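Please find one structure pasted underneath; my questions will follow.
Note that the chains are named A, B, C, D, E and F in the order they appear, and that numbering of residues resets to 1 at the start of each chain.
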Amino acid sequence: MSTYERGQALSEKVNPGMEDALRARYDALVPGLSRTVVDVAYGQFYARGGVDEKTRLLATIAALTALGAQTRPQLKVNIGSARAVGATREEICEIIFQMTLYGGFPAMINAMNAAIEVFEAEEKETPDE
Amino acid sequence: MSTYERGQALSEKVNPGMEDALRARYDALVPGLSRTVVDVAYGQFYARGGVDEKTRLLATIAALTALGAQTRPQLKVNIGSARAVGATREEICEIIFQMTLYGGFPAMINAMNAAIEVFEAEEKETPDE
Amino acid sequence: MSTYERGQALSEKVNPGMEDALRARYDALVPGLSRTVVDVAYGQFYARGGVDEKTRLLATIAALTALGAQTRPQLKVNIGSARAVGATREEICEIIFQMTLYGGFPAMINAMNAAIEVFEAEEKETPDE
Amino acid sequence: MSTYERGQALSEKVNPGMEDALRARYDALVPGLSRTVVDVAYGQFYARGGVDEKTRLLATIAALTALGAQTRPQLKVNIGSARAVGATREEICEIIFQMTLYGGFPAMINAMNAAIEVFEAEEKETPDE
Amino acid sequence: MSTYERGQALSEKVNPGMEDALRARYDALVPGLSRTVVDVAYGQFYARGGVDEKTRLLATIAALTALGAQTRPQLKVNIGSARAVGATREEICEIIFQMTLYGGFPAMINAMNAAIEVFEAEEKETPDE
Amino acid sequence: MSTYERGQALSEKVNPGMEDALRARYDALVPGLSRTVVDVAYGQFYARGGVDEKTRLLATIAALTALGAQTRPQLKVNIGSARAVGATREEICEIIFQMTLYGGFPAMINAMNAAIEVFEAEEKETPDE
């Protein structure tokens, strides 16, 4: 299986329709952009082993928190993915809170707000949770 | 137990002598700096529960990798701490490698080099490992 | 007086109701978040002596300007606090302008726009100023 | 010709009315801000020779992409300027895409979205293009 | 030809021996790291068309300048590569200087110093240039 | 008096010989670099009024601390300049310590170390201070 195929399998599982959406929006401008995202981000990074999926996602949330608001959309996607592989709200928020020490208080508060938006959207989808 | 006492217990366990070293170097310039580091970083952040210690440290390594070379000394300290609580070299390096997607290739390579320095120092201390 | 009590006294003076607002929004997710913000940010940093309050706030505005748009909400809070302890608009804007040299022109313009929003809100509150 | 006059000639050519807009918005707060922007940014940097104008603008787009969302308004201005001196959409998007390696995937996607907004605005202005 | 093969061809041309060096240093820790660098950075980014190679490298130099000292080793590699595809010292230095506007004066001076080191090494190799 | 002349007067006062050193090192690569640094940084920013010189320098130290290690040489220059216009060690260190909240603990410690180097150099020059 090529890294692209491995990436497709994973991206369709965690973000169904993403490759098509990227292709429709970006590939006319940058031929192959969607394929590179799927091959590289999913096939050559996220699909690796060596560390469990939840830890990988919590570590990503940590980095996006510390990097600040410029990565807010991706932060929310990763918080959603972490929830999907079993991370609790508490675990996610603890990791964000820890980043106060490295990214400062504003970065932490901004990321907490992003997490709350994700959690609120969950509740709309599954009000009995 | 105050957050300062909780911080002292943890910092003495994972970095023995650190508070004394901070006090000797910095407190004449900023009275209480060492106490704030111990109380805040260790007592009010690292000593929290809600997520296991290893995940907390791997997430910290992720963030310091993405933030780049300016945090190299702290990155090495956290890699050492992650090793001390049972993180394998593979787990640490996988988390660093994942950061290519968010911090870029230079940040990843720089952090890999920091990790290698920590691992080499381990081998000098415990050649039979 | 504990650092938490010292922080409470200061935060209630400069941002009345802030601790309650933080507690209501965040403490269910991160137990004690509001207390740590008050204890650390206000009690162990802002309430320190050694430099006058206005200089401390102007220096904070400088840093948030140079760090860029990700800290915009906190930048506005600190501009408001600097006004409250007597900083003139001219002083605040001079400090922001100076940051062109270190954070670049975009960061400076973004921070000037944040300052203008704070000043316009002041005029709505006190139209005779 | 002074650097200020050289800057005025260039800024009026590429961004007509910009100096007046800056003066009206900022000079009461920071006397001379508009003049410094025109003199420095346009007269002492953009108007330099040594590299062709298109490369200078593409390099600027690269840097603003890697620096992340905090420079979005300036990124859009520079994409527009690059188009005005003959850069194709393909060239602009290739340069943005290349930045994945240095600023990470989120920074690249954010900048692609800014470029798309500029291109869509072009199409509204010149529907036959 | 796969993206990995395309990347190998390019990396062997511009940085002979690089893949072997990466493999020797990193692949025991992160299996496949060297292959991903070659496939992704060279095969899926640097080897793309759509913009000429010199502009692509100058844009990369711009971004690494603006990102600051943490990318110094990579900045030097890219300055060397830009020289190899025909960029003049003047072009490289103009692009670095332009970054004053976005990364600030310290970032510009640091990158100029990196360029000077590359140029001095060139002179040692080819004293008659 | 032109902004360049104003910058020369100030730079010769606070950093005698700096313009000549910049000219010797950089102007062959970027014609006029030294003049732009003197005109812009000193003439159009540092020499402005509206806020006292000490506050301007302390604010600059704050920003360079928060921006991290990449600006270390410039941080040391500004700490020296702040000392020259009367800032106490306590004031400088308090401002650096305050930046923990915005740039994180590693940035603060790195800047404290830079300050200590400046203070140690002072003591060598003036052992009786």
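Everything that follows uses one rule, which is that a residue touches a chain if its C-beta (ideal position, glycine included) is under 8 Å from a C-beta of that chain, and two chains touch if they have at least 3 such contacts.
Per UniProt, the chains are A, B, C, D, E, F = 4-carboxymuconolactone decarboxylase.
Computed from a predicted structure; not experimentally measured.
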item	value
Other chains in touch with both subunit B and subunit C	A, D, E, F
Pair joined by the larger number of C-beta contacts - A-C, D-E	D-E
Equivalent interface positions on subunit A and subunit D, same or different at half	different
Label of the chain whose CA centroid is most distant from the centroid of subunit B	D
C-alpha-based rotation, subunit D on subunit F, 0 to 180 degrees, nearest 5	180
Averaged-CA centre spacing for the pair subunit D and subunit B, given as whole angstrom	40
Centre-to-centre distance between subunit F and subunit B (centres being mean Cα positions), rounded to whole Å	31
Of all residues in subunit F, the ones touching two or more other chains	30, 40-41, 50, 64, 66-71, 74, 90, 93-94, 97, 100-106
Topology of the chain contact graph, where touching chains are joined (line, ring, star, complete, other)	complete
Partner subunit A, residues of subunit B touching it in the complex	40-41, 45-46, 48-51, 55-56, 58-67, 71, 74, 90-91, 93-95, 97-103
Of all residues in subunit E, those that touch subunit A in their complex	3, 30, 32, 36, 39-40, 44, 50
Residue ranges of subunit A in contact with subunit D within the complex	25-26, 29-30, 33, 37, 41, 64, 67-74
Residues of subunit B that touch subunit D when the two form their complex	66, 100-106
Residue ranges of subunit A touching subunit C (in the complex, touch as defined)	68-70, 89-90, 93-94, 96-97, 104-107, 109-110, 112, 115-116, 119
